[in-house]
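In structure tokens below, several structures.
Below are two complexes that have chain A in common, paired first with chain B and then with chain C.
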Partner chain A sequence: MSDQETGKGRSSLGPFHIITGLILLFGVFLTVYRFTQGLGPMTNLSHEYPWGLWIGFDLLCGVALAAGGFVTTAACYIFGLKKYHIAVRPAVLTAMLGYLLVVIALTYDVGRPWRLPYPFVVQSGTTSVLFEVALCVMIYLLTLIAEYSQVAFEWLRMSVARSMVMKVILFLTVLGVILSTMHQSSLGALYLIAPSKMHPLWYSAYIPVYFFVSSIVAGLSMVIVEMSLARRFMRRKMDEAHERGYEDVVLGFGKAAAFVLAGYVSLKVLGLAVENDWGYLVTGFGGLFLIELLGFFALPAYVFAVAARERRVGLVKWTALWAVLGIVLNRINVSLIAYNWNLSVGEHYFPGWMEFGLTIFIVTLGLVLYRYCVTRMPVLYEHPEYTDTH
Partner chain B sequence: MHRRKFLGLLGSAGVGTIAASTAQAAGGKQFEGYPDSFSVLFDSTECIGCRKCEQACNEVNNLDEPEKPFDDKTVLEKKRRTTSDAYTVVNKYEVPGKSEPVYRKIQCNHCMEPACASACFVGAFRKTEMGAVTYDPSVCVGCRYCMIACPFHIPAYEYDKVIEPRVMKCTMCYETRLIKGELPACVEACPKEALLFGKREQLLRLARRKLQTYPESYVQHIYGEEEMGGTNWLYISGTSFENLGMNTDLGNTPAPQYTSGALKLVPGVVALWPLLLGGIYAVSRRKDKIAEQERQESVEQAVAETKEQAKKELEEFKEKAERDKKKEVEKAAQKAREEAQAERKDEEGGSDE
Partner chain C sequence: MQDNFHTLYDFLLHSEGTSYIVMGLVLVFLFCFWLFLTQRDED
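Our next item is the complex of A and B:
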């Protein structure tokens, strides 16, 4: 695909344009439908399942998978691991787009999206975990936009503005870590209030910690996946430094992911022990729990470690995808499977086709925006006029 | 900082947090509910499943007319829950060992510390001093977190409304009747004594008296006295509450306490992360600086060594050259001397002849 894209440029209509164009067109239809017919006809949401696919996937997974931003900036700017510098811009871009899409998806999900600023300007429910999530997500999205703005300023050749951003980049990075710690964990804490509705294997006083630690795994793995995809499809935009540093990032992040995953699995086992939930492991839900924990967290931890030690870049990439699927499985399990687990058969929720449709539309929108930015702005390469330290 | 000292500080921080939480628990600040709040006591032994309460609720709240009329008892064959068109429903339960079915009325339990109010990020729900939990649609964003939070599966949502969907639930007729000094519509409509209205304390006393006076007719428990920290809707029953489809595993912790712990950690994160990250940053900077210094030093040293070496080599070369030159000169001198000697010999020989 990269070959044919290098050939013509923007004017040609490749399969990418046709497929994404159709999906976006379909998205327009879904948008009109949502805001003329309402959630009722469009979704399978019910009084028992007020949160469905759009919260379980678009919000919970979207935010977790956008954690690459704070993980990479912290690694590079705070921990001083300069070899990851080439990963900073792609990671910040995908994080910014990720959060942007989360907010866009929320405008479809909430009943009166135009009131989304109400908690901050009209009346604040500060006892709500959701208030914390909303506040942090809002400020963090602004932080990401500020972090990314240096790229846009380079593109627009606005040197003064760019150097001003460069001066506060450390502050923005620390702010990003604080906000991410808070809202990544709080997304799990949302479920703390409903112990009677959650399956005990997934309900835990430690769920905020589980969500935060697993978000680091998601961030590391997504950066590996993104970099691999960019190298596959956007190679013409990569400069020497990216080509050379790519393997270091993949292997380094893979190694880090192995450690964090191992820590996560230990935490979960400790949680099981502290809350004495061993008995549930022999039930059907226990089977699902073990598939999730062993098959999608413990095993990837091991494979990451082996692949990083033996410097097998390809294996690290596939394991990263595997870990990403694990995060998705975990978030779906928490929000849609463990939640309301004790309802009787027939009362359970399965997303409607238009819910899937909108989710596909949102993801496609992200791909298109990413491609737009990467083909125009210095994300995968250094701007020739700004090659100083940054 | 010494490592041991640092660990010691960590330890004392841990003790501090534990001490703080126990101090709070012992501080007697637990919310006991508004002292004069109103309650409703539901007695399942009195309920005949006539659905008059449902009808009254529907009328006073101007809800849509149901498909089947309120006197249609076939509706009771299916288990129902509250919806956006029905703030209260009555369900029928066949109880093992009893010939007659038992009925239970479902509606908002008006928790003393409501999960919905705690979960709402715009504060749309309010626990009034009269006991009712009310909802303000003028600020509601429609996120539906209240529905996730409610342990009793009560709030319903107007999914079919496009522009102004609301969360719908029983308000104990707060605005329509309670503040005017009237009874909630369902209580007034009840033809039996299945629903009794009064101060919560009075109703609890009455319920206890009933349980004591007719111990064989009642399960010895008042549902709602302690559940989820206590509710303003109370239940007594002749059969176990599980048989009435009620969750008896809720525990007595008020819902807000489940999340307050996590929220309390927020200031800690805000305060400690910058310190920790700043420290890591400083250490990594210093490491880089030292590495850079060491690199420079070693380069300088290498340069100096090379220079020294070159100097030495040059000197050696010079010396060697000098030596060679000397040797050469000496050799030449020797040769000259030898030649001179030979010549002299020749001359001497010549003169001898």
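Our next item is the complex of A and C:
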């Protein structure tokens, strides 16, 4: 048995366990508080801002940053870029946990969470974008669980079940790409209903396209960040193939991110022209828009390109983190800062400390689950009994 | 933002005209960016 498989070298109680333990404990307190006292005492949400930090960050950023799953599986299984195969399992795991946490966060955010299944029973059908998002997210989460199940089956040594999943992996990949295309763009389409509430620089008829294209950037960048973190902190779990292929993944994804980012910036500029919003660029919100567009999208595109050309792996890693921050800034701008932009200063929403606390709890929960899976299952290494069979 | 358009036609003529120019520039930019990105691939 290999070191990776036996879990040799697993650390005992350390700072990671203590800090995450305290955060999780605090999260349990917040959970009890949320479900006994309701949203009112816990959040700063209001009639003007029914969607706050939990939607802006936990949901919009969570879904965008989980796009690495469909991007990587599409690259490997549909486009046949097998050199990125080592990134598939970590990316699918991150995506699955990302969507799982999105659903968990939604149970906190929805006033009456027991009504979460309502869209499938009581809804406006195809005229409701929210219904489409709910349906897509549910099916995609099930698809990701099915995709990831091959790893769990290898871990549990259930060869027959694993081979059944492997037979339909291409179908699952295609389904994942279709569903992701639909709901990543639909999350942007949710804001089409509020043209009078959103600042014109962020509101656009093309906002679904912006959301979809930027999610590809988020997915590519997140895979780079996540693989770099895994290599830094979970290296003992990586086998030689993952070590060797790491540079190819980082440079290849960095190059792809550079071009998609350039395309995204071009689309945004085109959007300015179509809506004739040039005049807003010289206002305060225009400054924020330019910081987002040039500082967090155009500049990373250039740096990605330079780093990929010169094969500077370290620079690609940091630029990926930069791009991830850009995506987070964009989603926060769309959902919170540019939303209700014309309200007076006192009426603006700022999340309460318990809202921040719960978001930190959700992110920590994700980290703990990721670590649990990676330390036990063949995510960063090939299972010795199934090498070359996938 | 702009208040110098008196008719919808004025607005569309201006914004679509600008959009076509931007589209042309975007195509040239993306082509150049692609060349810059892939220039050293065969080295």
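Keep this in mind: the second predicted complex is superposed on the first by the 373 of 390 C-alpha atoms of A that agree within 3 Å, B and C clash if a C-alpha of one lies under 4 Å from a C-alpha of the other, contacts with A are read in each partner's own complex, and residues count from 1 in each chain.
Here, a residue touches a chain if its C-beta (ideal position, glycine included) is under 8 Å from a C-beta of that chain, and two chains touch if they have at least 3 such contacts.
Keep in mind that what you see is a predicted model, and the values were worked out from it rather than measured.
**Student:** Please work out whether A:S221 is in contact with chain B alone, chain C alone, both, or neither, and reply first, second, both or neither.
**Tutor:** neither
**Student:** Would you check which partner chain A:S204 touches, where first means chain B only, second means chain C only, and both and neither mean what they say?
**Tutor:** Touch partners of A:S204: none, neither chain B nor chain C.
**Student:** With the two structures laid over each other on chain A, which partner does A:E275 touch: chain B (first), chain C (second), both, or neither?
**Tutor:** Only chain C is touched by A:E275; chain B is not.
**Student:** First (chain B), second (chain C), both or neither: which does A:Q150 touch?
**Tutor:** Touch partners of A:Q150: none, neither chain B nor chain C.
**Student:** So, A:R309: does it touch chain B (first), chain C (second), both, or neither?
**Tutor:** In the superposition, A:R309 touches chain C alone.
**Student:** Taking the superposition on A as described, I'd like to know which of chain B and chain C A:F259 touches: first, second, both or neither.
**Tutor:** A:F259 sits against chain C, while chain B stays out of touch.
**Student:** Of all the chain A residues, which ones make contact with chain B and with chain C?
**Tutor:** Overlap of chain B and chain C footprints on chain A: empty.
**Student:** Under the definition above, what is the set of chain A residues touching chain C in their complex?
**Tutor:** 200, 255, 258-259, 262-263, 266, 269-270, 273-280, 301, 305, 308-310
**Student:** Where on chain B is chain A touching in the complex?
**Tutor:** Chain B residues touching chain A: 81-84, 115, 117-124, 139-145, 147-149, 151, 153, 155-166, 247, 249-251, 255-256, 258-263, 265-266, 269-270, 273-274, 277-278, 280-281, 284-285, 287-288.
**Student:** Give every residue of chain C touching chain A within the complex, in rising order.
**Tutor:** 1-2, 11, 14-16, 18-19, 21-23, 26, 29-30, 33-34, 36-37, 39-40
**Student:** Under the definition above, what is the set of chain A residues touching chain B in their complex?
**Tutor:** 35-41, 43, 45-48, 50-51, 74, 77-80, 109-113, 115-116, 118-119, 122-125, 127-132, 134, 170, 174, 177-178, 181-182, 185-186, 189-197, 205, 208, 339
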